[in-house]
């Protein structure tokens, strides 16, 4: 008989697309990860009450609520999960942390670096997580493993883009993501934040950057595109690009890394694959190998399906949560947390400033 | 307030890999499909009691049981789901149907065509489903839509393979899938059955076939590979291949269809993509288009995530179940059902006989 | 100072597309291969005089002629190259061989196996070559090398197709290739002959086959498609397909080979690449590697351009000729020659007979 | 009878890899292009006499010479072709132009912008050509056609790289390309010059840029990598990258262009293909189409082989020369010429200066 599990009651603030992805992770984590916790979807909170009830019914939330201020301090809640527009992240997270809750927060953590720092400070004593879910794409976790093993040797180049075509779609123009007051920035917080987090994860700290930012849509007060040059602490150089005008790309979160030992390439649109060029192979057998990263011996392949059976987008959230619960049980630190997100914001803020000032910014 | 849902209590017999996939579908269908039923994972049944408890705990089955004969007639059960080795499908399904239960059965339905017919006959008065889950890969459902719209014109060629490398793996040699007594056949029932079901779904009835069957492993009493030539009722010709010695292929369930209007291509290893060549385009713009089939306007794209966000293997089970529940509510017939599987078995039996007799077999 | 080269005067019969490819090879071989011969494009012969002169001028043929009977016995000619419709191959080749000339002949060598045998007999005492040019695609020559090195281990499956869409194009219906009297067969001689030659080259003799042949176009007296099952002498099984109704394929001459050691894949449309799956690699690093086969250390990479610089279709003819001249200088046997083509025709005839008789044919 | 052709006697200075590619173009252009000129490979000139004779014999040069100063003024020479290390381009080209010769010059035209300007000035009265051969890759010519037809709509992003791994190869470290005195620059002149020329060709003038340049190899006095941000006159933004440390890339000269109407993508390693995403197609049929650009109705498809038959690297030189001869006969201006190359050098010099000064440089 398995030991009784410890219940963790969750309150989720927000009920949009991210709310669905989080709800799914809460429901699914126990099916794929062996965890001592029993997650209970206690309350879902949002301002649009008519939408809340069906969402709660669909995903198994026990209660609905409309005032996050009340929810975050409820004594029966252990975890507050934030899936709101960006501008609300800080007040909710700070209140939840001050109430001693475990805090999960969607990315970007904040609308500015100072705000992120305030959040990290407030959350200093509670376990916390930022949903930079792509670190847990099995192919990306495996890329990190190959790098850690030294298979890429000295890194020369890191090149990453996150491109979609949402900016070119007039039907989306009114959404909160396109308004500075609610989003803080445009593509920088929305897409480039993922690029920056993965760059930290795979290639370490950035020492300086030089950015070009651009808004294509007339009258829009946020950035539609950002392209930047970067120097990394490990001596490699790179470029990042985020754009909502990458017409032809549905969800291209992609990177390539070149080192003395080989190359790695990834694209989220084909997330079950990692491309690896082994420059230490015999010259006439060197080429790009398309690895299906769903086993065997791949990250999370014991958790999900069998080799050759693709997994989808939502598993990145499930694996993030599975790893978090494991660190929680073991009293280890989890990454990426609020402190990691502060580092990302430090870069994002530098991107904005560099784009405006049109010059290199040191992050040393 | 949504109307109260009708409960459907499920008993699942079997607890292997397929048991996990089915459990997941039962847990997830309500999150992605709007259904009037509330599925309840009532009892999981299997012979290996030590493994049952953790499986039940992990996937939320309320009870465990070891005697399927008792389970299938329990009055509190409405649905019996069969995920056992093939040789047990018939007795369980027949007993469940005779007890008036809705019956779900893994593929291949039976170990022979006569057995399949007996099962279909027994299930004539109950709603039933065979887990030929790949019809609900969104890309395959979309292929069917393009064909139905006439975009491929007159079909000339249908070419399909299902290849993996399991036969070449000595560690798997003892599993039930490699023994005739439990599996009925080798690759024919295991992999070729999917090929045949998809061919029916996409290209209609087969009128005759000519097969070569082969066993590579010494002493094995089931087929490792089957390759066959086929004529379809629509005038097209084709070839099918199933092999467990397709070294280099993890899970290549793939097809290509050529018609006067173009070509379609699919591979399960990249299940979010469909390849479409439009032969009606301007000659200098004709080429193979790699479509990401996760929206917009694609089958099930409203159910799952947003465009560009890949889905995985398990969603084919969820969508199969979602569609089944919809037909159940609307009192419509569901496909593929036991009768459809009889047609598949008619082909599979012909493959075995043709391989032995080394001649064409008419299926007209 | 290099030694003076021995002149070889060439007479080419035929002036269509193949005449261009051959002319190019004659002009180019000395630029890429170190050969003791100086090829001289002496006379081009054809029945369409108005087209001959510009062709001769464009490709540097010194003379034009319209009677092949006169040309093949001219004492100043050392090499007769045949690029006519198939039905003329035999009379020209036999006459040329009887006149003691070196004979080059386009594929298929003949319109039937007996005719091919008569040609081989007549050419028994002269150096000869059949333009099965694809053996010299560097990627295919490299595939052969990997197989010879044992990297694929025991071969299980050989799967090959040659597909184009010419049959579906009404503008081509009147061409000689679609008429039995001139071509001998349809897709069998035209495309399937290449498949069979490559199968011999890569996987050895075929012991039996079972074919389905089909004509889609009403009133056409040759086959449009042929699909067959084969057993090889090495114990592997396979399937071949040739079709002119492979809509969506421009020139897909492709194969896949699975063995205990891995998989190889090739497609002529991307002729600079070979796909290799190494099943002896660490399990989590096994995948399909896309090798650019234009160096380093690849077949012919010293002859042509630098690594990474693609070569095109015509280089397969140049390399065939370069190798032939090398064997000629060294008094070695060249392959594929007329005897090799007889073996191919033995298979092609069996395909026709099997398709008609609808049964296995032994080639033991 | 075709009219007698006008002879053009060529002197080529240089005999390395580029000398081979040029020689091939001179020999082949008449086979693929209908031109009123008869090219005669009169004299090949270089400093390494032992290597000259075999090169001349292999490629059909009538004479060898070692003093370019004598060659460029010979009255029997009409065309001087320069394929030497970069530092020699200017003196040879200026002398040849002053002697009234037609001048062909390898890229980069010069070792600096002022030198390029001097060359362009000297060549103001003679027909001239710079071997930016990639404009004549059929796929790139077709990309230009699609852009000219407006199929990409308003251009948003232009992203281009030229990556190889030569810098990581110690065996090449001593070559002239790695020494400032002979090459003028490193990757900037060698690879980035192609990127810049194609950007002009496909997307028009650059108004400002901001570059990061880097040398990985200790002690090397030229740049190994350059990455830059650019603004184009048409309002689009972009990034360029050139690197000799792009380990894993053999010859990746690649670009992607995103516009309101779609996307284009190209990679020289697969030069017979162009990727086109048509954003005006039905949403559920939008995807990346892989076009084989060797016919029908593609640039140069009437010149070379039949649809589906790949062409190789050398055809880009042949087509450049074919087009040049056509403009020469028709007394039209040819592009890219020395004036076009001056514009490229203006950008290249700005890249060097921006890299050093670490700031935006205006090119308005």
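All chains are identified by letter, namely A, B, C and D, in their written order; residue positions are counted from 1 within each chain.
The rule is short, and it goes like this: contacts are C-beta pairs under 8 Å (C-beta built on N, C-alpha and C of every residue); 3 or more make two chains touch, one makes a residue touch a chain.
Keep in mind the model is a prediction, meaning the values are calculated, not measured.
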**Complete:** Check: interface with higher C-beta contact count, B-D vs A-B, is A-B
**Prompt:** Centre-to-centre on C-alpha atoms, which chain is most distant from subunit D?
**Reply:** B
**Asked** Roughly how many whole angstrom separate the Cα centroids of subunit B and subunit C?
**Response** 42
**Prompt:** If you average the Cα atoms of subunit A and of subunit B to get two centres, how far apart are those centres in Å?
**Reply:** 35
**Message:** Based only on mean CA positions, could you tell me how far subunit B sits from subunit D in angstrom?
**Reply:** 54
**Fill in**
By the touch definition above, subunit C meets two or more other chains at residues 249, 288, 292
**Request:** Could you pull out which subunit B residues touch subunit C in their complex?
**Result:** 156-157, 159, 161, 163, 165, 168, 210, 212, 214, 216, 225, 227-229, 231, 237-239, 241, 243, 245-249, 258-263, 277, 279, 288, 358-360
**Item:** subunit B to subunit A touching residues, read off their complex
**Value:** 1-2, 17, 21, 23-24, 27-28, 30-31, 34, 53-54, 57-60, 164, 249-251, 268-273, 292, 294, 304-315
**Request:** Quick one: which bits of subunit D touch subunit B in the complex? Just the residue numbers, please.
**Result:** 142, 276, 278, 282-292, 296-298
